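Next up: the structures, one after another.
In the two complexes below, chain A is the common chain; its partner is chain B in one and chain C in the other.
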Partner chain A sequence: MTAIASPAPGDVIAKPQREPVLVVSDLRAYYQTHYFGIVREVRAVDDISLHINPDEIYGLAGESSCGKTTLIKTIAGAIQPPLNVVGGSVRFNFGGAPLDVYASTPQARNAIRWRHLSYIMQGSMSVLNPVRRVRQSFIDFAFRHIGQPMPQFIDTIVAHLERLHLQANVLDAYPHELSGGMRQRVTIALATVCRPEFIIADEPTTALDVVVQKGVLAMIRGIQREIGSSMLFVTHDLAVHANLTDRLGIMYAGRIVEEGPTAEIFRAPKHPYTANLIHSLPRIGDTAPKKGLDGVPPNLAEPPPGCRFHPRCPLAMDICRRENPAMEPSGPGRRVACFAVTRGEPS
Partner chain B sequence: MQSINVYIVKRLGQFFLVVFIGINIVFFVTHATPIDPVEYSIAAAASFGSTSPEAINMLRESLTELYGLQGGIWDQYLTFWKRIAVADFGPSVSAFPTPVSTLIGRAVPWTIGLLLTAIVISWVLGNLLGGLAGYYRESRILKAAGVIAMGLHPIPYYIVAFVLLIVFGYLWPVMPLGGGYQRNLAPGFNLAFVASVAKHSFLPALSLVLVGLGSWFMGMRALVSNIVTEDYVTYAELAGVERNRILTSYVMRNALVPQITGLAMSLGAIFNGAIITEQVFGYPGVGTLLVSAVHAGDYSLVLGITTISIIGVSAAVLIIDLLYPLLDPRMKAG
Partner chain C sequence: MSEPLLEVRNVCKAFGMGGLLARYRFAAVNDVSFTIEQDRHEIFTIIGESGSGKTTLARMILNLVPMTSGSIRFRGTDLATIRRPADRLAFMGHVQPIFQNPFEAFNPLKRVDRYLFTTARRFTDARSTGEVESRADLALRKVGLSLAEVKQRFPHELSGGQLQRVAVARSLISEPSLIVADEPVSMVDASIRMSIVNLFKTLRDDLNVSIIYITHDLATAYYISDRIMIMKKGEVVESGPARTVLADPQHPYSILLRNSVLSPDAKGELLEPQFSTTERDLAGTR
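And then the complex of A and B:
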């Protein structure tokens, strides 16, 4: 757990790119419950460091209950007890205006919401207020940020909806009157209408069928390119990552175990978990039966010592049972947390 | 638009069906009682002195007609419905010969005035406080309000009423002990009379509010605690929408839908009167009237009050059901 090779801000500045929009360093967020004097800790986010550059779509993949949603909640500063941040920091940089999420006031955090940081949530079916028209949601969410008088504001929204192939009359509809795909496009419009620098997307296409999904993904990509925002895109669906994201982080049991350009990871996964994940994807012409990985992800209340993947890892060594591998650079733009890779001697 | 018309027609049909079945039950139940109103009235009249058998026979005939009891059960049934249609329930047995409709008409304004005020106040206060308590769960004042509401709620109503009466009517006599207004005032629309009515209804209304508040409070708080975990509330919070706005337009607005139904049910039950309240405070409303009618075996008065009450409850539910699509747009679909 020592010496995490996280990219210090200095490293990033050295690159010809602009400063990253988001820097997460050594972040730890645990669910802490106290019942009858017994403290129980679930380490859902444990020592995570990552950065996201301007105009980049960063993908976060991992199986259910690996801590993806906890991580993005923590990044968004939307945590409530029993979830607590116990260490590390989350720093945004919106065009030279830095904000340390856990060292700033709730007012400062609220001031950036939707203007700079917006959200596309899981389950678009239920994210819109069921008893009010769509127009009201736009007014509540965006009116104060856009700073136009009401008629011009509505014109702005209508113009924005057209980009997502929605007609102006959806504003007068109630959420239940729209189809699933339309509702998802409305939430995308809602999340992008203020042209935020950073968008967090949590499984936005999971509830949609594959055909609608494809269209929605193309729209997300298009609108992201157009307004030049960065995006943290979370889904367990690797096919979506392959189509959409620029860089990919693989999460396992509360930690990021591998990170790198998406295409590189798909071409040559390094961490044994990533390798298994990618080999489990069906390929055209491949008729060999797929074999699942033995075992189940660990209970985050009592994670195994050392590397959390070692009980299921085909390459596990002695050191894996004792020590936790740190994320270390491995090739251009890539990091991996695996002794078998970084020390190069699979047993 | 088409489906909304179908909805209205369906609900109207339901209303008439419920009223029809309810009034039928009233008719058959009252006809199954062992008290014969005709003989009861004759006995009352005869006790004042000796009457000739011919006079009694004439009296019996005219009374039978007045009560709509001539002929077989089927004839009586038809007469009954004819009279209901013109709101004529015949003369009261106990207050003979005052018509039942006059007695009810006299009592209803008192009851409506008292209960409407008390129900509306407790509904508004209870929902407001309950909504705030469910949303701002960390607030100490609201937690205290919750404890008070929960403490008051299980106390039997008559205890609350008697305690109020003893404290404010006897130990510290700032409020009248009973009645609807000061006896020496002539009823009329003038300041002295209105002030007297307000003063006399204060304690009964307060007792109803104190007891009614708790259930609205707890109901609303429970609803709100569920709604705050809904995705649309989380989403609005992530969007940095102001908390007050989230509370009113997102949380309370959604929680109000079931609470309005509860309000309608309470308002409909007004026509039953608040029997215990009116008894404890000697209030001249429908509840007092109903109790004395039952005691006196006043068949026509019981029938009249019950019929009005059935129509009242059904009408309140009908009105709320018709307003429902405005409250919850999802209703339009079904």
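And then the complex of A and C:
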């Protein structure tokens, strides 16, 4: 198959072009609140476009409060006021069944969503009911989908838990009796047991120790490979991205500022923010003083004009204070939103 | 020599796991001892596998849960003897916690600024609204936030990293001499992570605070700690000067830990599933 009609900007990698499973276009989602007559608008997702291919793990990185969770909530259709979609669209394509999340009725959305999509939320306790045993959560969540008689169903669950190195007796435990790491693995088991086509995971391994984390990541990768699902994997931990994701989007202040194959971004980051993130990583054996980024993350209720990174950017120019740099192609499979990069390159 | 700041002696904590196996008891913390000196302010790091009892140990040091056996002394006073409300309050002012998961540490129905105000009223002489607010703002500024940003907000309106910085700010209000930080940086990105651990360094060097730093992050542990203690299944398997231990771990578990750290320099190479055999029998079989 030739890729003459490239389906999405930036996707120049010579893979056989299958239709993306997810296309997000010009998405804007704001928290709109009214406190004592004062309207406050937090622009946590502000004009984001991206696509995710079948069988791909797309990573999303960025500092705390840049809007990662908001973006994936919006993609999952799991939003409620004060978060509102202000513009743009989120379109899934599950094996020929298209779903335009914000143009469908809630019923249609839910019917398709729960069959094909699974969302591992940030904070592991939230999906486990604290007053019910873990077994009950599995029954509530997966029994209908799996459609086996109870004894076989339990066998399926136990076999699945085993892959996450959890023993059958966690089914009898209450969530508070498990350590943070065990709870987190239980939620991952819950989210993957129905073999969804699309998995959204928000910081699923941040509560784990490094040994277990490595095992769980390998398991996530294994399941993803086995069922060929696509995955949107959010973590601020760049080392995880380096080891797990195929493509990476770097988010800053409600926008994606750089995107490309993960290994390429690590090899040669283009956006000054990405470069700072990658160079400030502490490594064992390294005691050279390392500073976080100077300045504070922008307040998304009043984002800086122009490039939102300009108050913290060592390369900021005049134009950066006035105009917002658009995401533009920059090398094979890569996009970046920075005047210093796109204006500096011969076009 | 003056009395140690903190003396943990042969501390054990057993839990009965009613839900898992009736009347089955196991040691979440088993015979742990260490000392933090009064006159040597340090960052003492505890690393260990999930479920190895780090949080349980932290909760005992904070006098939040009783131990099954052993003793913990703070400036010579046995924690078990601290009972009167006034003594408890004084102790809490000296030893402040930062908890693991900010989403669980904050009550979802309570505005986050209230936590700071309550803490300021309890532990400082601030009384008027203005004084209380300025204490809160001062503490928030030490962690790169400001009162304006968190005022009136509920926990779900802040991101994980913002919430954790509020937690650090709250712990600074009473000007404690010991901070017990249970995975304070697990939820935050590399940049804030560095600013929080650098903040710990400043607290140690300039404000004479000692810090018990519980973490999974070996890289920051290497970067800031003076001493380190590695735990597995409730027991200490190795301890010593942080850089020596991390550069050249001796115990098989420490070596596994060291080798499991994901390198940011790896190029998407496929991860080998590699579990310690002990991890398999984590749930209730010990």
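To be clear about the criterion, the second predicted complex is superposed on the first by the 310 of 347 C-alpha atoms of A that agree within 3 Å, B and C clash if a C-alpha of one lies under 4 Å from a C-alpha of the other, contacts with A are read in each partner's own complex, and residues count from 1 in each chain.
Throughout what follows, a contact is a pair of C-beta atoms (placed from the backbone, for glycine too) under 8 Å apart; a residue touches a chain by one contact, two chains touch by 3 or more.
Since the structure is predicted, the reported quantities are computational estimates derived from the model, not experimental observations.
> Quick one: is A:Tyr174 in contact with chain B, with chain C, with both, or with neither? Answer first, second, both or neither.
both
> Using the superposition described at the top, determine whether chain B or chain C touches more residues of chain A.
Touching more of chain A: C.
> Which holds for A:Leu166: it touches chain B only (first), chain C only (second), both, or neither?
A:Leu166 sits against chain C, while chain B stays out of touch.
> Who does A:Ala78 touch here: chain B (first), chain C (second), both, or neither?
first
> Counting only touches as set out at the top, which of chain B and chain C does A:Ile284 meet: first, second, both, neither?
In the superposition, A:Ile284 touches chain C alone.
> Quick check for you: in the superposed arrangement, does A:Asp46 touch first (chain B), second (chain C), both or neither?
Touch status of A:Asp46: no partner.
> One more residue to check, A:Glu259. First (chain B), second (chain C), both or neither?
In the superposition, A:Glu259 contacts neither chain B nor chain C.
> May I ask you to decide whether A:Ser118 touches chain B, chain C, both, or neither, giving the answer as first, second, both or neither?
It touches chain B, and chain C stays clear.
> Who does A:Val131 touch here: chain B (first), chain C (second), both, or neither?
After superposing on A, A:Val131 lies in contact with chain B but is clear of chain C.
> After the superposition on A, what does A:Glu56 contact: first (chain B), second (chain C), both or neither?
A:Glu56 contacts neither chain B nor chain C.
> Same chain A residues contacting chain B and chain C, which ones?
Common interface on chain A, chain B vs chain C: 123, 126, 174.
> Over in the complex, which chain A residues touch chain C? Could you list them?
So the residues of chain A touching chain C come out as 31, 35, 61-65, 69, 122-126, 133, 165-167, 169-170, 172-174, 177-182, 203, 206-215, 217-219, 221-222, 236-240, 242-246, 262-263, 266-267, 276-278, 280-287, 290-293, 296, 299.
> Chain B touches which residues of chain A in the complex?
76, 78, 109-114, 118-119, 121, 123, 126-132, 136, 140-141, 174, 176
> Under the stated contact criterion, what part of chain C meets chain A in this complex?
Those in contact with chain A are residues 15, 17, 19-21, 47-52, 55, 100-101, 103-104, 144-145, 149, 152, 157-162, 164, 183, 186-195, 198, 216, 218-220, 222-223, 243, 246-247, 256-258, 260-276, 279-285.
> Any idea which chain B residues touch chain A in the complex?
Checking each residue of chain B against chain A gives 230-232, 234-241, 245, 249-250, 253-254, 257, 327-330, 333.
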